[in-house]
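In the two assemblies presented below, chain A is common to both, partnered first by chain B and then by chain C.
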Partner chain A sequence: MNRFVVALFGTVVLAQDARQIVEEVQKRSRSKSQKYEGTLEVIDQRNKVSTKRWEYARLGAFGESRSVLRFTSPPEVKGVALLVHNHPDRSSDQWMWRPAIERDQRIALQDRSTRFFGTDFSYEDLEERDVNQFDFKVLGEESIDGVACWKLESRPREKKVSQYLYSHVWVRKDHYVYAQIEAFNKTGLARKIKYSDVQNVQGLWTSKVVEVFDVAKKSRTVLKFEKLQYNLTIDADLFTLQALRRAS
Partner chain B sequence: MILLRLISWQYVRKHKLRWLLTLAGIIIGVAVFVGMHTANQSVLAAFQETINRIAGSTQLQVTAGEAGFPEEALEIAQNSPDVRVAVPVIEASVNSGLKGQGNLLLLGVDMTGDRSLRDYDLENQDDDAIEDPLVFLAQPDSLLITRSFATATGLKFGAKFPMETMAGKREFTVRGIMKSGGLASAFGGNLAVMDIYAAQKMLGRGRRFDRIDIAVKEGVRVEEAQPRLQAALGAGYLVESPGARGQQFESTAQIYSLVSSVTSMFALFVGMFLIYNTFEIAVTQRRNEIGILRALGATRKQIRVLFLGESVVAGLAGSVLGIFFGLLMARGIAAYVGAMLSEVYGVAQRADEVTADPWLLAAALIVGTVTSILAAIVPARDASRVDPVKALQKGRQQMIGEGENRTRRIGAVVALALAFGCMSLARIRPLFYLGYLLAVTAAVLLAPTACNIITRALRPLLKWIRPVEGALAADSLIQAPRRTSGTVTALMLSLALVISLGGIARSSYESIQKWLVVALNPDLFVTTSESLTSRSFVFPAEIGEGMRTIPEVETVQMVRTVRVNVRNKPVMLVSVDLESIATKVHLPPREGDEKTMYRDAAQGKGVVVSDNFALLHGYKMGDIVELPVPGGVLPMPVLGIVTDYSDQQGSILIDRSVYIEHWKDTTVNVFRLYLRNRADEPIVRKKIQEMYGGQTRLFVFTNQDLRAYILKLTDQWFSLTYVQIAVAVLVAILGIVNTLTVSISDRKRELGVLQAVGGLRNQIRGTIWIEAVAIGLTGLIMGLVVGAVQLYYTLEISRSDVVGLRLEYSYPFGIAAALVPVILGAALISAIGPAEAAVRGSLVEALEYE
Partner chain C sequence: MSLLVFALVLQAQTFEHRGFMEFRGLGFPQTTINDSGHVVGESLLRYESSWRPKPWLKLQSGFDARFDTHRQFDRELRLDLEDRRTQRPALSLRRLSLQAHKGRWTAEVGRQFIRWGKADILTPTDRFAPKDFLNVAYSDFLAVPATRVTYENGADTVDVVMQVRFVPSRGPLLNQRWATLPSELDGIAVRDRGAQYPGGVQTGARWNHVGRGYEYSLMFYEGHNHLPLFNAGLESLQPLAIGVQRYFPHLRQYGGDLVVPLRWFTVKSEVAYYQSKTSDVDEFVLYVIQLERIVGEWTFVGGYAGESVTQTTGNRLLFAPDRGLAKAFLGRAAYTIDTRRSIAFDIAARQNGKGLLARAEYSQTFGQHWRASAQLSLIRGDESDFLGQYRRNSSAALILRYSF
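The block that comes next holds the complex of A and B.
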């Protein structure tokens, strides 16, 4: 009996710890806005590389943010944009804008598991991971690339529509930033996301290289952040469909 | 079996040509039956195949008629708790513009979610076969084509080819190639996939989809999800399985199916008379043989079974050959049917492979054999009744007994009386058809008597033309009614069919031409397609507003035509400014007040329907037509019934304002332009081309062009009728050749005697020629008379049960006149072979008996 109570208590403590860890991650990376220019390299299983560039801007923080991502090169894709409105209590709203046909298109929830424009990210991977939308537990401690990490398990809560059943998340103990995520769907490991080149930008520890592996397709996408800035003043009107149309 | 081998087979071997000619009736009938139905089924199967291949793992489809529906419906479907995936689709058949490739089925899909339903099976097994999915989406010229289309056209990855779009001529780029098989096999491989939003732009569809393809969530049963989704979307939407769309197509093409069935059945019916004739002659010729068999102890039943056995063998042989030729014909017919359905109904389809349905082939075998058995029943009965003593005597075997003739005449009178009775009760359709059958039966029963009367009447004329040959020929026909009556009956029925078909074609032409003058009276028509039946592309209404600014243009009428389902039948909804129509077009009203019906309909108080719609679907003045609109049902009372030939299934005229309000669709298929001065046609045409030619896909037709086009479509439809006429004439000619061949062998001794007593070869020839012409003439007279009755029934069937068109009775005197030289010429040509055989035969052999 006593052993059961201890075990139960221990689990609760660990769960609380896990949540605290992720809350700390969010707290340390919190900024009221963000902007960067990204380079995206998609490397297929035959090592063929295609490169694109985009500009990214976000306003607001976890659970209440809005972001816009706009491709800038190559010329054939310039102007294609993705607008994301994140919500604390449900899945985000997403719209795609295509200047060539001057059309916005809502990305339906059912389509969030599909690949984002041929990259190894899915639309869902571009959403924020707000602590309140997941349940966490600590699985243990492991090193990633020689850095000590907590290994956590996160499971989406009922209201969060997700393609993943659960994820394993590694959080660096030194700066409370993500080191690696392994996302599992009903068939097993679907994606592996690695965060590297961690730098301090305006007081916020940030990973400047994110690499995604699509396990099934055996391809990977590398996203590199440049000209990264936090806490700028950005007009909220930029994060509307009207702004997308105007910009084109 | 032994008798068949020892007696029948020897007889067949001796009269190979005659049997072949006899079998020709069954062969043609079965070949037409198999050919037309196989072609028809192949086209329908190809359509179903295309639906299935495109559907992928789609379990339900949401549609709202041809006009499509606003995009908002997609969110309703996607938010349904039963739905796992709901993806929008636009499907259109467009001219590829590539030499020899014809139409391309363009499938507009949302590439983000569509792969959950359809396997694009790309050549490189991954997305990279679409070189860059982002570029594919970002560039509206992106196309995914099939390997077979790429091979046929020589298009490679990255290749460009132009297509006419609603935004003018645009170059499209091949950005992906699908492997053959699966989805890539749909529409015979002439398939291209593009982004749905780009397709909307290309086709001028605005923010509308044609349908939504749906897969339900795991654990949800489709039959449970269907009503819930239907309720969520509203009554104007149709939620059904993908297979149900095939049924709609079948319903659209049902008139064609009916016509092909009638043609083949008629060919078999006429073929039955040929077989009957041959067996009757065989019984007559083999009287001695039958007499000997009876004298040797053969029972009546054995004789009857012997002849019926022969008919079974003949039926089977004819049917097998018919099936063989039918399958050979099917491919050509399928191509024709595909093209016709595309032109006449605007439903594109390709049937590249013809597949024979085993059930159809079995049915053909049974129908052919049963026809042969039915035809042989009476001759077999006659054979079994042959008295062995009389049979071994000579003479008078060709006469039909007076008793038999009287029975036939009484039967004919009774059938005729009953047919008249049924005519007065024609509203009860089974009675009407019974009356039709009785009328044909009466004609068939009266045929020998009529044949005899006409031949006797012709005798003085024939004798006057050629005293010896004419008299001999006439006497030969009078004395051998069994030999000729079957052929004359077959000829009569064939020609009656020709007259009725020709009559219906003539009536239709006259009616359509009258309607063209009244309904299609604008000076110019501006359309999106060379084919006026294609509704894949649509104009934005602004173009019409622009054309109104041309000073020479007096009025622009904007027309949007879409097919909608009323009582589960696809009918044509024509939306147009009805007040404007009322001032310019005066469609003859069948019911209702012309002055008020359009005014009230323009105010949204109801609809004006075509006469054929009312007849086919059973609507009367004041009845409520329930029109499915996106989001509900629009009940509209019938305010007037007018004569309108816009569509074979019937048309409903609705005011454009009502259409826009309920369908949320402002697009236009056709602009009807009335000019201030008709002479300005070339100027206005040029101005329209200058204003819009470069920006949009656009075709300007003059009134004359359009009329010629519609008459071409009418011709195309009636080309089936011409096939029927050809079959009828062919069967008729076969009958004459058959009879003459029989006649020569039957009269070998008589002709031998004639030659022996000094008859010249030319006299023999002349006798046979005159006999042939006399048979032709007799059949012709009877056929032209019975044709008049047949035409009445055909028009009635067409009016009440097929297309609902009230066609005026108009006897095709032109066709009747044309038939005279055709049939007499054919008869004369048919006589050449038998006549030469007669004069070149061995005199010794001919007189052997003497």
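The block that comes next holds the complex of A and C.
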């Protein structure tokens, strides 16, 4: 009996630790807004490289944010935009804007596992992950690229519709930033996301290079952040469906 | 020096531009009564720019320059500001509008594209979107000169449009293959006698609501249909000739659309009721219901477009591709092979079995700027059917596009 109570208590402590770690990650990376220009290199399994660029802006943080992402190159996709409204208690709402047909299109939940416009990000990967939409537990401690990390498991809660059954998340102990995520769906490992080039930007430790590997496609996308800024004044009017049309 | 300063000023005020140069070669294995050509070559240069002198103010413009081998495009090098002629203009002002935004209000004045509706395969509520049907199988939207005021308040958006000058859809040319003439007219000259364009303004309003897990809109339109009816009369006996004149009937339209993402599919639906004061026009309801699903690299869209005529006049002298695609099963499947290549299949099959349009397309990008596409279109059916009448217009096309 006593052994059972001790084991249960131990599990609760570990679970709390995992949540506390991720809460600390969120606390340390919290900003009221963000803006950057991203360069994406998509490298397919035959090592053919295609380059894309987008501009990204976010207002709010973790579960109560709105973001818009707009391609600036190549010319063929220039102006294509994705609007994301993140919610604290459920999956995000997403709309795609295609300037060629001057119309927006709602991205349904069941379609979020699709690759986003020829990159290795899925639509779901472009949502913000709020700590309250997942359950966590500590799996252990490991090093990624020589940096000590906590290895956690995260599972989406019931209200969070996700293509992923669970993920393994590595959090750097030095700056409380993500080092790596391995996301698993019902067939196994689906995506591997690696964060590198960690820099202090306006007091926030930030990975300026994110590499996503699509296991099934054997394709990877490297996203590099440029002109990254936090806590700027951004007009809330930029994050509406009408704003997509106005900006096209 | 002054040019440099001007360029720097433009840079500071945000100037953006994009466009493409496209070459299209179409091959038709069969000739038609009014067209003995087998091959058509087309080229298009499109340039679009936007300039934002103030954060709340934006000027948008777009120009098209075209040339073709088949004289479907005008060869007169003058800038067409109206887009009303039967031939596609060689140089045209695609759009020119000024947009102002303040708080929840957005106003846009000038030649612009206005797209309403949520369905993809047929959009009966897309009222301010006339089309260029020189090639019925590959139509393109035309802009309209209008004032559009939009008020957005959270989940609700109200759109009010006043179109100050009528823009007709461009129909097929009488001496080209997409104007299908009955075999009884073989040897009889058919002459275009122009059009009677309606005056006054076209007005419309639309309310759109974005709910938690659904979206819907309601719309109203009062104006004229951009698709024509025809007056036909004997022109001369020697030689025997018939004159045809286009006119555009009054139209009052009520409609709505709905999007509901369900567990397995996204359901999109659109319905519109067409009413008219013009005496020889049918009153009818057009509706579409489509299911959409993305599975891995596949996108599937399938649905049914229906029509219910509430009052008929029996007038058959009309060009109505929207009604022609009704009472039909419509579908599209697209597959992304990799980041550079994709294939797509489209089908429209009339439920009476008298008309079928099937298309396949393979597309591939080369580097950052080039895209090449190959298309095959198969049209089959009966002369009495809207789709079937184009049964001699099956084609193959090669398209090369340079985007900048």
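The rule is simple: the second predicted complex is superposed on the first by the 248 of 248 C-alpha atoms of A that agree within 3 Å, B and C clash if a C-alpha of one lies under 4 Å from a C-alpha of the other, contacts with A are read in each partner's own complex, and residues count from 1 in each chain.
Note that in this section contacts are C-beta pairs under 8 Å (C-beta built on N, C-alpha and C of every residue); 3 or more make two chains touch, one makes a residue touch a chain.
Given the structure is predicted, the values throughout are model-derived calculations rather than measurements.
Asker: Superpose on chain A as described above, then tell me if chain B and chain C fit or clash.
Answerer: The answer is clash.
Asker: Per the contact definition in the header, classify A:Ser73: touching chain B only (first), chain C only (second), both, or neither.
Answerer: Touch partner of A:Ser73: chain C, not chain B.
Asker: Name the contact category of A:Ile101: first (chain B only), second (chain C only), both, or neither.
Answerer: In the superposition, A:Ile101 touches chain B and chain C alike.
Asker: Going by the contact rule set out at the top, does A:Asp111 touch chain B (first), chain C (second), both, or neither?
Answerer: Both partners, chain B and chain C.
Asker: Using the superposition on chain A described above, determine whether A:Asp44 touches chain B (first), chain C (second), both, or neither.
Answerer: both
Asker: Of the two partner chains, chain B (first) and chain C (second), which one does A:Asp237 touch, if any: first, second, both, or neither?
Answerer: In the superposed model, A:Asp237 contacts chain C only, not chain B.
Asker: Could you name the one stretch of chain C listed in 26-34, 44-52 or 152-160 that collides with chain B in the superposition?
Answerer: After superposing on chain A, the stretch of chain C hitting chain B is 26-34.
Asker: Take the contacts of chain A with chain B and those with chain C, and give the residues found in both.
Answerer: Common interface on chain A, chain B vs chain C: 44, 48, 50, 74, 76, 79, 101, 103, 106, 108-111, 114-115, 118, 217, 219.
Asker: Help me check something: in the complex, which residues belonging to chain C touch chain A?
Answerer: Listed in rising order, the residues of chain C that touch chain A are 18-20, 55, 58, 99, 101, 103-104, 106, 113-115, 141, 150, 152, 157, 210, 215, 259, 261, 263-266, 292-294, 296-297, 336, 338-340, 365, 368-369, 371, 401, 403-404.
Asker: Chain B touches which residues of chain A in the complex?
Answerer: For this pair, the touching residues of chain A are 44-45, 48, 50, 52, 71, 74, 76-77, 79-80, 96, 98-101, 103, 105-111, 114-115, 117-118, 123, 217, 219.
Asker: Could you list, by residue number, the parts of chain B that touch chain A in their complex?
Answerer: Residues of chain B touching chain A: 74-75, 78, 83-86, 110, 112-113, 115-116, 126-128, 130, 132-135, 137-140, 197-198, 201.
Asker: Show which residues of chain A lie in contact with chain C when the two form their complex.
Answerer: Residues 42, 44, 48, 50-51, 73-76, 78-79, 93, 101-103, 106, 108-111, 113-115, 118, 217, 219, 235, 237, 240-242, 246.
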